[in-house]
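Input: one structure, supplied below.
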Amino acid sequence: MKQDLSQQPEKRGVAPSTLSLVYGGVACLAAWLFVLIPGQVGKPVTLFGAAPDGLAPDAMPRYVLLAIIGIASIGAVTSFRDSKERIAVPGPAVILTCVASFVFAAILVPLGFVLASALTVVLLAVYLGGRHPVGLALSGFLVPLTIYLIFTRVLHISLPPGLAGF
Amino acid sequence: MAIGKFVKGIAAALVATVLGTAAMAEYPEKPITMIIPLGAGGSHDLNARVIASVLPSYLGQPVIVQLMPGSAGQIGTSAAAQAPADGYTILFTQNFIDQLQQHVAELPYDPNGDFVAVARTNFAAPSVIVKSDSEFGSIEDLVAHSKANPGSVKFGHSGNWGAFMVPGALLFNAAGTMPTMVPHKGGGPAMQALLAGDVDVSMAFNSVIDSQAGAVKALVSVAPETQIDGVPTTSEAGLDGVDAVGIMHRVVLVRRDTPPEVVSKLREAFAAMTEDKTYKNLLKKLGENNVYMDGAEYDSVRAEQAESYKALVTALTGG
Amino acid sequence: MWGELFSGLEMILRLDTVAMTAAGLVLGIFVGSLPGFTTVMAMAVLLPISFFLDPLVGIPFLIGVYKGGIYGGSIPAILIGVPGTGASVATTFDGPALTKQGKSKKALEMALYASVFGDMASSIFTIFLIGPIALLAMRIGPPELAVVLALSMAIIAATSSTSLTKGLFMLFIGMFIALVGQDPVHGVNRFTFDIFALQAGIDLLPMIIGLFAIPEILLAVEDKVSRVRATKPEGESLTLDELKASRRTILRSTAMGGGIGAIPGVGQVVAAFMGYAAAKRASAHPETFGQGDLDGVAAPEAANNAVNGPTMVPLLTLGIPGDNITAILLGAFVAQGLRPGPQLFSTDAAVIYALLGSMVIACLLLLVLGKLLIPVFAKVVSIPKAYMVPLTLVFAVAGTYVYRSNPMDLVFLMAFGLFGYGARKLAFDVTPLVMGFILMGPFEYAVSQTLSLSQGNVAGYVASERPVTLILLALIVAGLLFMIFRRKSGQSAVSA
């Protein structure tokens, strides 16, 4: 990975490197969160009118956000003139796998573990080139079903039952 | 292939819904999920494992334990409040989560409006403890010292608004003094802090005090009856209004709008379980008592708790 | 002591104890190998079984589950890059790379040998040094813990990354993520943006599965050619020479893990990362770390298992469980009528030695069972990627969900997945992020407790009552100076 990135040295004068853009973005985000502290950090309950002992809840957030702003600024400045790395654009398979995981996460609870796994595994496997019916049946149905039964019936750990209803 | 399975699943679900409404009297017909709003390995988890291994023989269905810790119990409780009111999701919680949280946090549920008690399976009574070589021989010594040197006594408890902080605050409040409160992540770390001398006083349940074999001594027990021979209860020590609300009740709740016949079936199952030999034996081994209280009776206790915790929080927070 | 030790060992050398320990190991390996099903979960579920067994059968059974679970967690870490438990995250740095080279069998065997050695050495060490370890554990209060945690974070940020800026950047982000949710001291909400599900905070499990497993899956599909073919075969067994070559790494990691285990509240995850970082620093060829170095598997595995012995000490000597695992063991002890603590230690020392001995026996059995099971598990790599990738995805997502049934965790999982993918593309190491995240909570808690205990005068309190804190602080300063010096001279050596 590291070699891939360094293989593309492409000196550009003024344009900031990707890395320094990332640092800059995070520094801005941290600064925004820092401004939000008074509204986003609750006030501790007082005991008999006196503030409780110990560290105030907003102390650590302040220190940590300041530290992020500091280090990200250093990073942005020091990497500004770095060679402009060419970040490979993710291919369609990567994007589709990403989408598939989002979809699986979304349908896991409503459809249930067994159905959602079957759908995701079979569709994704077919897309990735798995065409063997036995392979599809094993990975799409038998494995999720076995896992489901072992965990809910033998070990009494809950998995989403969903539409299948068991 | 997947589509076929999908259609079948929908069909099965439809059939189940139709049959389910028709045959509600036959509850339960599928496994029951018991939500615990606390983490793995704690005393609540251990109690739940005992229940989950015995209750199925009285309900005829397996009991699946689902741990949902977080936010001082609010995460699990709100999940139970959102689950369908069909009796297939029950909540195994304790009184500080159930009744105290509403006075110290904004809750997305209403504990008394949303839940009804199925059973109080047992309770645990904490005692105030100090190291055996401590200069404090009685609760009076401790209170007198704390009054003479305000803030010098360090009280280590198991976490804010938890099972030791609440009775501790109640007790010292009744005595008219307040130590420095030092929170710990659970009873174990609090005990270690006491043994190491980081804090001067802490609280513990009987089973834990026993295992310390004389390394700690109890000064007073937060309980209506004597817990340890020779150790006074809070009312015997002149500290009133502490014992009723300071002990920890382990309770099972379901949604209030669950069909009444389902609630009574659950209550019967729990009542029958508490007479079970294996159950009694296992609880005894865990060092827990088996003082059962039925749901209807405990519901009135919950109403009382709501009032006293409100008063406590008002008193403590000075507002 | 010797008499009690031998009578203790006699008590557990029976067929039923050995058989149930083996059963516990197999169950533990199975559950631990599934991502999301933690060792704690497996133990809690199997705890009631131990209630019905004889104490010297039931507790060794649970110890078997415990040890099997930890080893089980490293199996998916090596084969598919999905950490089964937090302790096996560091194993995903080199394990999957070895699998890609067709050395999965070697990696699994190295993990087994390193685990067994680390665990056994620490158990034996604990048997002989139980008293001193107990004393040390008592000396570590909130101020000392705060210092140790700060030191751990500094070491990881400085050693794991290619540049100090990148390391600190990731560390601070991890620390911030840990602050989201309900503050553990006062119970007030922080950065929840009024989203209820955020109140419980972000959990470690969705974070590590997201950061380590999802990018691995995405990188696997990127490589189009290898998708249809079966991956590499499981390859040859580990040779004695390869094992010998890693002996220094294993010994170093074991010592580090044992030391970390003696400090309450730090734990296996930290030990694994520290062991890895140390092995990389000490290696003659640090550039092979992360590309599939057997030392990179041996280091975290020996370190995380070496934690096990000393963590039992507070439980056995004081009756205080240091973590969830020992809390469950305490439940098992109590249910058997044994109350660990000073009393048990003075009246039934033989029983304690019997239980420590059963940890050693469990290790030996793990060695045998692991040897038998590795060929079975190694077969996983012969499943074509077209099926393996979707299955891995399902395990990663479902494993995250079952952990605490919070749908919000799935959102975190995917967010961390994309973050991890981006971080890899930009050559960021996410280890400091995970460390900052894990250590921030205890660190803030310990700092807050220190402030409470000192009643406003921290410097005076530390100086007058906590000499150990001062010693640790001095060690940190010395250590950091040493590291800076080493880093400089190391860099010049590389450039020369």
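Couple of notes before you dig in:
Which chain is which? They are A, B and C, in the order written, and residues in each are numbered from 1.
Quick note on the criterion: a contact is a pair of C-beta atoms (placed from the backbone, for glycine too) under 8 Å apart; a residue touches a chain by one contact, two chains touch by 3 or more.
Predicted model only: the values in this text are computed from it and were never measured.
Chain-to-chain contact here is organised exhaustively, every possible pair of chains being in touch.
Between A-C and B-C, more contacting C-beta pairs join the chains of A-C.
Note: centroid distance chain A to chain B, computed from Cα atoms, is 35 Å.
Per-chain Cα centroids separate chain A from chain C by 22 Å.
In terms of their C-alpha centroids, the spacing between chain B and chain C amounts to 31 Å.
Shared interface positions of chain C, defined as residues touching 2 or more other chains, are 41, 45, 185-187, 405, 448-449, 452, 455.
Listed for chain A are residues 45, 52-54, 122, 136, 156-158, each touching two or more other chains. Within chain B, contacts with two or more other chains are made by residues 52, 65-66, 104, 180-183. Put simply, chain C touches chain A in their complex at residues 31, 34, 37, 41-42, 45, 162, 165-166, 168-169, 172-173, 175-176, 179, 183, 185-193, 214, 217-218, 221-222, 224, 227-228, 383-387, 389-391, 393-394, 396-398, 401-402, 405, 407, 410-411, 413-414, 417-418, 421, 424-427, 440, 444, 447-449, 451-452, 455. Interface of chain A with chain C (complex): residues 1-2, 5, 18-19, 22-23, 26, 30, 33, 36, 40-45, 52-55, 57-58, 60-61, 64-65, 67-68, 71-72, 74-75, 78, 85, 87-88, 90-91, 93-94, 97-98, 100-102, 104-106, 108-109, 113, 117, 120-122, 124-125, 128-130, 135-136, 138-139, 143-144, 147, 151, 155-160.
Chain C contributes residues 38, 40-41, 43-45, 47-48, 51, 138-139, 141-142, 181-182, 184-187, 196-197, 199-201, 264, 314, 318-325, 327-328, 331, 334-337, 339-344, 346, 404-406, 445, 448-449, 452-453, 455 to its touches with chain B in the complex. Across the interface of their complex, chain B is touched by residues 45-50, 52-54, 111-112, 115, 118-119, 122-123, 136-137, 140-141, 152-153, 156-158, 161-166 of chain A. Across the interface of their complex, chain C is touched by residues 39-43, 45-46, 49-50, 52-53, 65-72, 74-75, 78-79, 104-105, 108, 151, 154, 159-161, 180-185, 188-189, 191-193, 195-196, 198-199, 207-208, 210-215, 282, 285-287 of chain B.
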